[in-house]
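Two complexes follow with chain A in common, the first pairing it with chain B and the second with chain C.
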Partner chain A sequence: MITESIIPLFVAIPLAGAFLIALLKRIKGIPDILGVLASGSMFILSILFLLKMEIAQRIIYNIGNWGGFNEVLGRIVGIQLVVDGLTIFMLLIINFVAFIVAVYSVNYMTRYTQKWQFYCLFLLMLAGMNGVLITGDLFNLFVFLEIASLASYALVAFGTEKRELEASFKYAVMGGVASLLILMGVIFLYSNTGTLNMADMAEILTGSEQPALMYLVFGLFLAGFGLKAAMVPFHAWLPDAHPSAPAPISAMLSGVLIKALGVYAIARVFFTVFGFPHQISIILMTLGAISMGVGALVALRQWDMKRLLAYSSISQIGYIMVGLGIGTPLGILGALFHLFNHSMFKSLLFLDSGAVEYAAGTRDMKEMGGLSKKLPVTSGSTLAGAMSLAGIPPFAGFWSKLIIIIALVEASHMKLAAWAVLMSIVTIAYILKVTRFAFLGALKDKYLNIKEVPLLMRISLIILALVCIFGGLLLIPEVRDTFLSPAVRVLISGMGGGV
Partner chain B sequence: MNAYMPYILCMILFSIGIYAILSKRNIIKIILGVVIAEYAVNLMLVLVAYKVGGRSAIFSETQVILPESMVDPLPHALVLTSIVIGLATTAFLIALAIRLYGKYGTFDITRMRELRG
Partner chain C sequence: MSKEHDPGMTVIVKTVTRLTVGLILLYGIYIILHGHLTPGGGFAGGVIIALAFINLDLAFGGSVSARIFSKASTGVVEALGAVMFLTLALLGMKYGGFFDNFLYNDGNPGQLVSAGIIPLENIAISLKVGAGLFGIFLTLIILQKFESEKK
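Here is the complex of A and B:
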């Protein structure tokens, strides 16, 4: 029953939801219900795809039914939507986090006015991200990337205070330049290959020899997508933008947006289109190692809880990039698994910081203390997320970091492996700072009357905490073969050819 | 004249935009820099389709027009999308600039220091 005709629903449902929310905003409760329903149905759809997909299957949908021209003209005409193992993997992560965040926002966003605008932009961002994942066309990828980015610029400025506006301006200008660089790369590729379809482009590039122009395109794409992914030389916007957004949006931005627009796009373009040339491997590992170090070391001296978590995102993105850069099956498995884990624990930690802000009204860790007595669910779930981030054995984060480090050792990058271990120790240091100063110690007098957060917020925190604790089970061979291995296989099969 | 000259001019225009973004202190000038860089990229997109003596890609019943004599129509379609996206970005940036002016009473980016450090 899985047919290609339901692929466009991944973009259509959130778009329709956003439109209906804007239309029916006056009716009380409609924005909440539609927001949760739209993201929930996306999550169910992606589970359906995961269960029904056969191994190494590629489902292709031709937009506007231009598919008939393919046989006549002998080349691909029109835009194709493609769903394969990697797409399903990312769709599942993104729609799961989006669903949890939507449930969480029902209570949390009562702090702000104009809740319908929040849900409207949220669904637009979701539509953009899903579009980036399912498209098989390079220019179409750019368009969806812009939809998601524009919605995220607006969401960062949602509070419309000084900080939010300033962070949003910085983010919008840097994101705008990144998009221009990506577009320029797409133009050069189009002028060189005469096609925009990624599979077609990969085929043409395998045969031809155009190194000089390709290096320019590599640079443009690395800078553009690297800026979206917040790798270190391009990271300046992230520590401002992510903490300034409302907590559910910080969770979305740090948890999934930088991965959909940055990491996924880099993996898709460099692995399946360019065939993963050796230079890219070196660049990704170098930038990843620098990101790891800079993010972790700067996070150590932060006192704002969300700012600390934002720097930690940069560091963890470094781990994912290093894993991708190794280029061995084990390294890619580690990178994708760490991507999954990072989405889970980082959204959890950002939602927790939102819960603390909701209950205690502050984000400064010097002001907090002893909150675990008053906020048992929040502090418990923070502990689960923190342990997963720090890489303490039974938690999910440990396994993915372990796989990346083993892959580094296997590929005989001993110094990098040592560096990764060292940085994970620094990770423990900065995340213990959060649990120590925020939740342990003596309770301050002004917090004697605070209450635990509302039910829906607690439910979403508990679900994410459970995923952080039991995420390691994904490595059991049967589970791995349906979820992780198809995604790894897509990236591996793209390698080897190309320039 | 070199055949690559239009592309080089595009790159110069793009660099002017980036220079404005990086060096100007006034928010409006930064936005103008983004717009200039964007136009440079759009111009390049159209240039990719250009062909000397090419005509628009429309077939006719009264005269014979070979596909080889036409310019590539795809970038023309793409550049429309790109312009619309650019419009949305610019509109958003200007809306932000108005709100920022309302908060700070100035367009000078160096006086907005909530996020330093």
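Here is the complex of A and C:
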């Protein structure tokens, strides 16, 4: 079947792109063309998939087509790729953002040397993230997670100045610890169930008693994936790593990497494999609430534009975690919708900060002022992203926050709902600081001669801004049923099973 | 020639290296080609081949192996290995699936020409790993020279 054979291409195309770029780096223009083409074709493929998939369908693809799928001793040995509603949802978000970022980088990355290395690593990171999404095998998930993480360590250090290298080192050490914890979790789980296939694992765990070992595995996975997702006790790498990376990579890291490796993996493992036990619900909500508060309050004090946005990412991840933690269909819908919105507005805001840096040469908001007169597109798109982040109706971010808060009230977590509302007010405060100090006010003399950023950068900013403005339309029932509901259904159907 | 202008280690090390480096290379190739029959394979064999080159550098001083195999060519060979690996995997899609073993399906114990694409994949991996590791070594050498010149 044609749709089935597309699945491995989600990993193969970016890998091929990365290696061909390394091979043909001497030819001028090849890195740009291949980078944009590879990520663009992935986006088109994921749209194709969305249209072809029937509701509640689950496509399984056997890699290698060998004997390992004939149930040796009742277990599947080979690696399976699995695509369901949640996978498609994430694939679309990631490949869309990656495509936009690739287009943006054509102009932006002229600030750096060795552009081919950037596109090569970028595509490797994309291959790793797509791999994490489509795999149905827990160890395979770990391998792809490492590919994406290693590429991102190198990308954070891309500027090779002292600050970048330090941030990258910190990120690499913490990411390495996270990977070790995840690997240990996988080992314990394998020793307990005798299989690595996630669907098999869920089946085996359903009937069994809760051995004490499972709690250890919960802890290991929570810490490991939590570190990748930058939830609060594990967030220390993020405020350094995201500002140090080149702006397109900050957008990728904050927009999609922490979601693919962190939030998606947590959702997949705890919902599909473990069947969402009650303890996890409480832990996710607690950590989410703490992340929300810490991220937002620390962001208030930042003057570096990208650092402020990085702390804001921690806060927004908190909202997503709280939504997932409620565990009701409405809560999960809110969490996934907020995940979508956060990818859009946060990548937009990071790309905007890159555009300001490109034009004005600074990220310090104290030095900016009045830039909206010189950079109309940048300031307009920043405003759209900021309003979506702050949750002003009718921007997309408002609807997702509203759903999460309604879900909290419905599940009678009144205090948490009040906390979420309070923190969204703080969000308005810190994001207004960006628009006020960077774009409004009097224009400083040294910025009299700056020009608006090049065309390709403007196009990508405008597209993302439009998504931020009209993203709320995804909640229209017909659209919701093809895009959001299948993903929610996957997580709901995973609950109840497992441990 | 006086000892001071002679780069590398003593004559004993040089002689031993001269005798063994071919054997190490051969052993690496053996490990790669028998990857589907005996322990080892593309990764281990690639590392051994890279070590043969590194051994030359250690014994004879900085730039001997870089003359045989420059840093730019390590990048090309590494990318070629990866492209070859991926091409073999994608070719399988024509016959039944990603990574489908389309040449033969069965490996015969002890027989070198068997197991279909697995030996070919091993060769691709060895190119990638060997060239990659050697490239890293050359980069470190260049970095060290740069540092010592700065001092």
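Note that in this section the second predicted complex is superposed on the first by the 489 of 499 C-alpha atoms of A that agree within 3 Å, B and C clash if a C-alpha of one lies under 4 Å from a C-alpha of the other, contacts with A are read in each partner's own complex, and residues count from 1 in each chain.
We adopt the following convention: contacts are C-beta pairs under 8 Å (C-beta built on N, C-alpha and C of every residue); 3 or more make two chains touch, one makes a residue touch a chain.
Because the structure is predicted, anything quoted here is derived from the model rather than measured.
Superposition of the two structures on chain A leaves chain B and chain C fitting side by side, clash-free. Of the two partner chains placed by superposition, A:Met305 touches none, neither chain B nor chain C. When the two complexes are overlaid on their common chain A, residue A:Leu333 makes contact with neither chain B nor chain C.
In the superposition on chain A, A:Glu146 makes contact with chain B only, while chain C stays out of contact range.
When the two structures are aligned on the shared chain, A:Met252 is found in touch with neither chain B nor chain C. In the superposed three-chain arrangement, the CA centre of chain A forms the vertex of an angle with the CA centres of chain B and chain C, and that angle is 40 degrees when rounded to a multiple of 10. Of the two partner chains placed by the overlay, neither chain B nor chain C lies in contact with A:Leu371. In the superposed model, A:Ala22 makes contact with chain C only, not with chain B.
Contacts of A:Asn65 after superposition: chain C is touched, whereas chain B is not reached. Which of chain B and chain C touches more residues of chain A is settled by the count: it is B.
The overlay of the two complexes leaves chain B and chain C separated by a minimum Cα distance of 7 Å. The interface of chain A with chain B does not overlap its interface with chain C at any residue. Those residues of chain A that touch chain B in the complex are listed here as 139, 143, 146, 150, 153-154, 157, 160-163, 165-170, 172-173, 176-177, 179-180, 183-184, 187, 190-191, 196, 240. Contacts from chain B toward chain A in the complex involve residues 14, 18, 21, 27, 30, 34, 37-38, 41, 44-45, 48, 74-75, 78, 81-82, 85, 88-89, 92-93, 96-97, 99-100, 103-104, 112, 114-115.
Residues 75-76, 78-80, 82-83, 86, 89-90, 92-93, 96-101, 105 of chain C are the ones that touch chain A when the two sit in their complex. If you check the complex, the residues on chain A that touch chain C are 5, 8, 12, 15-16, 19-20, 22-23, 61-66.
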